């Protein structure tokens, strides 16, 4: 994936998420893998629904920007963790919706069962399945949080996405398009759960 | 109806449904009858809010694409069933909304009564009516599901639309415009039901 | 008000109401007074969020189109009633929202109290007021329904707007702008009521 | 900040708030500081989602328009109070959302705790914090209300924003962008609170 294509697709994903109310203020952040060693990631402080070309920077898989004068999104290490854990992942998207915030503050994991849209998640072929999306406690120490996520993924390699309590969703896919579709499917099922209580 | 007109109207219906949140990820699919023998239907895998001309293919009433190299939407046989059941049907639209998903997971049929918008449904002239929208259990075996729907329609020829549990709404009309208006009316009444509990 | 100005303002009100979900399918209808004797009103069957210039026709205050070949909105007589009751009224707008539909099916009148936006309603200068919006039973016999509304207004001349059960809101103002602002204020307070239960 | 830049940023904030439904009818008002002595503020009666250049006027910190023939927003003195209280404030934004209206009618203050977006508020570095947004009783006597707010701020200098019961949110920041991000963050957390009950 060229940086130009990745930028265009991430800007457009951000505009959709903004219309939906999933990236309020400076919430959320997005990335795409450029190679085995490099990723494109949103810079700190931008509104994710109003991204422009200079809202993106290139960083290594340790989260360090190639241009040391720039500052990557606060949670860049959480993106790195996913890319390092699974070499097939091409994009990681973090959204901050009302549904995912409310549910993540109330539960230790979100159990999704019987939804047709479960088929959008990795390895699932039927609605007749149950998926657990784990909720991690929020932590301002991002390296520590990334390590906890990594540990949990190692224990359970098929984790399809995860939530951070009061903070939002991390989802991913082979491409920006697939990651975006998974975000849409997960946010949809979260809203259904919210309206089913 | 020419393919060009049908494509334009289905693209525009998809954009509206997307703004409303009724076609998340790759959910939903749309079709229009071109003749007694042929239909236009969305291809597999497209986002239904971002359709372009090549998102459509022509298929027979058995669901087989004229161009064997292409892949029609997974649920094309459900569209075929409606066209074969009633020769007046000009368009079938399937949406995947939060309201229809939540209700269809909780009930065996949705009873709509006393709404002015009931008058949008076939054969209804007054709000002072009751309509039952049946809910079919979801099934990844689409021919089997289509057969069940067909059987139910034969038992009850006036069925105005139906739901599949956790999966969405199928509605239809003489034209794309009429089918779209019925989707809007049904989704509206489903949301009212959701907010009336 | 010239027909051209009225058409432009009503089209734009319809687009706003459509984005909000207040005119599903062919629901709603709009009018503006052109003179003591004539009004501009939406033609039957149009989607009120997608109006074009030929969606409007000119009718007398008895609801009869000047061009006898055209068909005015089904509920035109309800617009006529308001124009005849109060010569200052310049526009009548009917919306069909989820909030007004749900509330109007549950209550005989909606009591609005303590809202800053009450100040948008006729004759109200403070939030510290209470307004009753009456709910009329729906009726497919529009002349009979219009007569009932007229009777109620004569008994209570300050009625600011009214609802028809399962069918929607009628509001009005000196101008299209004022009528539209009142619709926005009333729909807002209805949604607040819905979320306050 | 030049008047031109301030106008462009406030128009764009208004368009966003309108899409979200936070400035119904003529609700809400916006301002930006131009200097130690002068502010730009929305004129009375405009729809805050459809602002144009002549919707703004320049006023002193006592709320008096430089051009005495014009009329500033009804609540201009509430903006003045914030600018006079804190010389660093560059913009004050008042929104009128369903969530803030419903909550402000039910509670004496809104307690926000554990949200990642708390970090958008002044002086907060972690989600692991609790913020109280006070609710003032509504009052049509704006000088009296402004005096009450001023007194409360003097007692509690770190107040991040406040609500007026049934009327809406006042938030501010060093710049229009920062004030807008705080409005987005607060409205988001209010909606979460509304959906958490």
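Going in written order, the chains are labelled A, B, C and D, and every chain counts its residues from 1.
The criterion applied here is as follows: a residue touches a chain if its C-beta (ideal position, glycine included) is under 8 Å from a C-beta of that chain, and two chains touch if they have at least 3 such contacts.
These are the chains along with the protein names UniProt gives them: A, B, C, D = Methylthioribulose-1-phosphate dehydratase.
These numbers were taken from a predicted model, which means no experiment stands behind them.
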Could you give the fewest steps needed to travel from subunit B to subunit C through chains in contact?
1
Partner chains that subunit C and subunit D have in common:
none
Subunit A onto subunit B, rotation angle from CA fit, given as a multiple of 5 degrees
90
Type of subunit A:subunit D copy interface by residue overlap (half), same or different:
different
Chain-centre distance (mean CA atoms) for subunit A and subunit D, in whole Å, is 32
Subunit A to subunit C, mean C-alpha position gap in Å, rounds to 45
Mind pulling the subunit D residues that touch 2 or more other chains?
19
Chain contact graph, described as a line, ring, star, complete graph or other shape:
ring
Can you name every chain pair that touches?
A-B, A-D, B-C, C-D
Given the complex, residues on subunit A that touch subunit B span 19-20, 114-117, 120, 125-128, 181-182, 184-185, 187-188, 191-192, 195-196
Which positions of subunit B touch subunit A when the two form their complex?
19, 21, 24-27, 47, 96, 98-99, 101-102, 105-106, 138, 140, 164-168, 194
